[in-house]
Structure formats: C-alpha cells, structure tokens
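Lettered A, B and C in written order, each chain numbered from 1.
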Amino acid sequence: MLIEKIITILYLSGDPISCDKIASLCEVNKEEVVAAIKELEETASKASLLIVYDGENLSLVTKKEQSALVEKFKQKELEGDLTPANLQVLTLVAYLDTPNKETISYIRGVQSSQSIRALLIRGLIKKEGESLSLTTEAFKYLGITKKEELPDFERINQSFTKKLNEKEGQ
Amino acid sequence: MLIEKIITILYLSGDPISCDKIASLCEVNKEEVVAAIKELEETASKASLLIVYDGENLSLVTKKEQSALVEKFKQKELEGDLTPANLQVLTLVAYLDTPNKETISYIRGVQSSQSIRALLIRGLIKKEGESLSLTTEAFKYLGITKKEELPDFERINQSFTKKLNEKEGQ
Amino acid sequence: MEFTVKLDRFEGPYTALLELIENKKLSITEISLVSVTDDYIAYVRSLNDKNVIDISQFVVVASTLMLMKAKSLFPEMVYTEEEERQIDDLEKKLELHTILKDAELGIKNTFAKSVLYSRAYKLPESVMVFVIDTRLSLQLLQSIASMTLVTFLEPKVLTKIAVEKAIRIENVIEDIMTRIKSAQTLSLQTMSQSAGTVEEKKKILITSFMAILELLKNGALSATQDEKGGDIILSKI
C-alpha cells in the first residue's frame, strides 16, 4: 500500500524528501505519489502528525498546536546535570583518540547511544563521520588547548589503547 | 489531548523514551501514560506506525512489512549476526521473567558473563539491579511490539517456569 | 566412533549433550544418556583449558554420565544421595535445554529478519548550543578515567581464576572408578546369576560383555580371564 510506504519513508527521514525520490523508492511514478498526497494528509492527521508539501518535497512534522511541547522537549534535553553515564562517556571521548560509539560501548559494557546523543545536543562533543571528539568549547571550559594536557593523559590513553588492541588480536 | 502529545514526543525523540519522562513532559502521572498505551497503539496504526513498549520505554516505529523498503532507503547494513552463545542467552532473557546472571548460567551450565556483556554492549538487553530484560532495540530487531508477541511466548515461558521451579530439591 | 558436535566454545555442557542424544534420535532417558557417554567423554577430552573457559561444568556432566553407565553395568551399585541429586539435576537441565532449543529456533528465525525502525533524533542544527555542567573539571575527568580503566582491565583476571579452577577429566574418571562397587572385583558369572532361564542368562552375559568392552575401551576397567572359557574377572585399573 502506497500510503503506508510513503509514511514509513517520511517518518524515518525527518527531512523533506522529493516526490521523485519517494516514487523511485516505492517503485511507482511521480504522478501516483502526488495523487496520494490528499489521502496521505488524512492518514497523518489521524496520528496527530502533519504532511508538509511545498510542491516538490514532502515531509512529516508535528502539529503546530504542539509547538509549546516541542520547545519543552528540546529544553529538557539541555537542562539538568549530566548523568554518571554521560560523564563517563565524555571522559572516554576525552582520553581516547577519536573513538566511535562501538569502542565506547565496548569499554563501558553497555550501549552508549543515549549518552552520546545527550552530549552532542549539549555541544560538549562533536561527531565527524563515526569519530567522536570534544568540542572547542569543551576544551575551553576545561581550560586546556589539547587533549594531551588532560591529567595523566599518556598513561591512561595508552592503557586503554593497549587493552583495546589485545581485543582485536583475539 | 494526551495521545497527541505523546505521539509528538515520540516523533521528536526517535529513541525510546521512558514513560516517566513522557509523564513529566505532558504534566500527567505515569499511570495515565501507561493507561493510554492501548489508544496510542490504535492511533499510531492509523498512520501505519507501531508503538513498541518494553515495559518501561515507548517508541514509535515502522511496520514489519516495511522493513525491506526501509533497508533500501537507509542502505545501512544490519548487524544481524548473533553467535550461538549470544543467541542462547538472548533467548533466555526473552522467555524468562527478568532472569539474573546466575539463573542463566545455571541453565546453560557455563559462565555467561561474556555473552551478557556482548548483548549489553549491543544494546539488546538491559540490566536493572541484577535483573536482565530485553530492550526496545531487541524488540525492534525481533519485529515485535511487546514481549507477548515473541514466538510461542506463553507456552515456552510457562514450560521454563514450571521446570525451573522443580529446582527446590537442590 | 563417529559423532559430530560442532559447538561454539561457550555454549556449555548441556547443549553438547543434547546434540549427541538428538543425533542418535533418542529421547532423554537414563538409557539414552548411558549410550552417549563415550561420545561425550571423547568430546570433553577434545576440549582443553585453552578453548573452554569453564571446563569444570563439562567434567561434572561427564562424571554424572559415567556414574550412570557404571550403575547400568553394575546394578548392585547404590547411588549416594548426592549422586541421586546430580542425576536428577542433569535430567532437569536437559529438559530445560529441550525447551531452550525450541525457543532459540524461534528467535533465530525472527531476529533481524523484519526489523521495526524508528527515526533518528535530529540535532537542532540551526542553534549551536553549549550547555555545561558546573561539576565538570579536569580532576573529575581524571578520576572517572582511572576508575573506568580499572573495571575495563578487570575481566581478564576473572577468566584466569575460572581456568585454574577447572578440573581435569582424568581425575574424575579415577573418582568414578573408586565408586564402582565396594568390592574391588566383579565377575561376569555373578552379574548374570540373577537370570532365570539359560536364555536370559545368555542375553545378560552378552549385553554385559558388550557394555564392559566399552568401558575397557575407555581404559576404565581391566578384565582378566585366568583359563580359557573361565569366568572373566573385572577390576578397576
């Protein structure tokens, strides 16, 4: 069913997507996608969501009436102390050499996506490709200019690296 | 309207979010959120989406039928492989009622720390105190929205429980 | 001896045993357990401390099987309470594994086949925020790093202890042999004395003889025959 497919794509994307691209993913032609927009709007509204169509791209968004809640949600993500888990992830990002999510999860023994996300949102760490590192602002706040200035950096960094390499060797 | 608010939050979050957190954002108590889950499921299904509830967190997800479409869209490889040992531990966590490490090792006859750790790192199981349970992520991988949808859940869960309770003698 | 058990090294002693029983298309009974004893022992011998972290559990299972086999050969042997418990436990574990195997198949068939997806959280790109936690300091990072390092390095230590604790199967076989009867030796004649008819007696003699041959093959028993056609005297080595 076309409507279901389009909703699936829009939901996952978050970003606006062109009708052309949707058509190709759903293996129909563009006209069929455009013709489905009205039904799409009705379907989305049943689930309290909205379809935005700018004549070219489609996207699925939250309703205007909920904008206060949306703001509150974003605010909540930012406020409050960092959890112990967040602090541990931040520490690992600081002491390791641009680790990725998997390395951090491996060291901690638990999945770390949520903490990484919280730190990204707060602007404490940044992500380039899969590599995580501290932001300039975080360095500034800590009063250092490069990670080598972290206390006991060399020993801690090398102990982690050594143990991580052993794992690969296994 | 609570349903609409929850959908908005789930849509924004993407990641699973706890009923506690939802309650605080919507300014209701947790019981009201839990009580709304059924209606929430109905609403989501009108837009061809599903609600996953792992007993603690809620998440808005796409339907099982659309997984091929999504994979085409995401072009991301799934980590589909489980070692036999990890599969065995995951199965026990799924079908037993929040077992601990000892119960799992008792049944398997081998130390299960390594497998438990691997599953924790992949985010397929979670640990609260000593109790292990499936995460929303695991539900999604298994294509189910709640524990009861596991293949043949009731029968297998009961066979296990019955057999395990015979343990008394020892 | 043809048997194939291809197992992940962490799968454990019961998975291996169940596999052997199922390969022979048997159900879980004392008889079927006895019949796979040799294969199981050979399997445990093929494992070594290096590739199995916790070999002791395999050895416990092997010793329980040997006990049952000994009892099947020498019915006069009486189980101690501890041994009874050990055997009950083995049977129970196997039944649990039968359920588990069934459940595993269901999970295996569904896992990562039709996945439900949720959308990824989108970072608010427009506004670059920087929200600090005032507790954050170099000292805090250092202490968290050191603690994390300690727990990260620790698991290795636990593994080593487990390996040291492992029992060797040879010791267990020896223990089992001391358990075989209070009497040091047994003769085939006494074993078949309980038989009513000549036909029955013959049958018992033959089956016992086959069974004993298996134990002999294991090097667990020695048999002597003083004169041609005379009684065969069994004794432990």
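We take it that contacts are C-beta pairs under 8 Å (C-beta built on N, C-alpha and C of every residue); 3 or more make two chains touch, one makes a residue touch a chain.
This structure is a prediction, so every number in the text was calculated from the model and none was measured.
Listed by label, the chains that touch chain A and also chain C are B. Distances between chain centres, each the mean of the C-alpha atoms, put A farthest from chain C.
One simple way to say how far apart two chains are is to compare their mean CA positions; for chain A and chain C this gives 46 Å.
Between the Cα centres of chain B and chain C there is a gap of 32 Å. Mean C-alpha position of chain A lies 21 Å from that of chain B. Of all residues in chain C, those that touch two or more other chains are 117-122. Counting partner chains per residue, chain A shows two or more touched chains at residues 11-14, 74, 108-109, 117. In the complex of the two chains, the chain C residues touching chain B come out as 7-8, 10-15, 53-54, 57, 61, 85, 88-89, 92-93, 95-97, 99-100, 102-104, 106-122, 155, 158, 162. Residues of chain C touching chain A in their complex: 117-124, 128-133, 135-142, 144-146, 148-149, 151-153. Contact residues on chain B toward chain C in their complex (touch as defined above): 11-16, 50, 52, 59-67, 70-71, 74, 78-80, 82-85, 87-88, 90-92, 94-95, 107-111, 113-115, 117, 139-145, 150-152, 156, 159-160, 163-164, 166-167, 169-170. Against chain B, in their complex, chain A makes its touches with residues 1, 3-5, 7-9, 11-14, 25-26, 43-44, 46-49, 60, 62-63, 65-66, 69-70, 72-74, 76, 105-106, 108-111, 113-114, 117.
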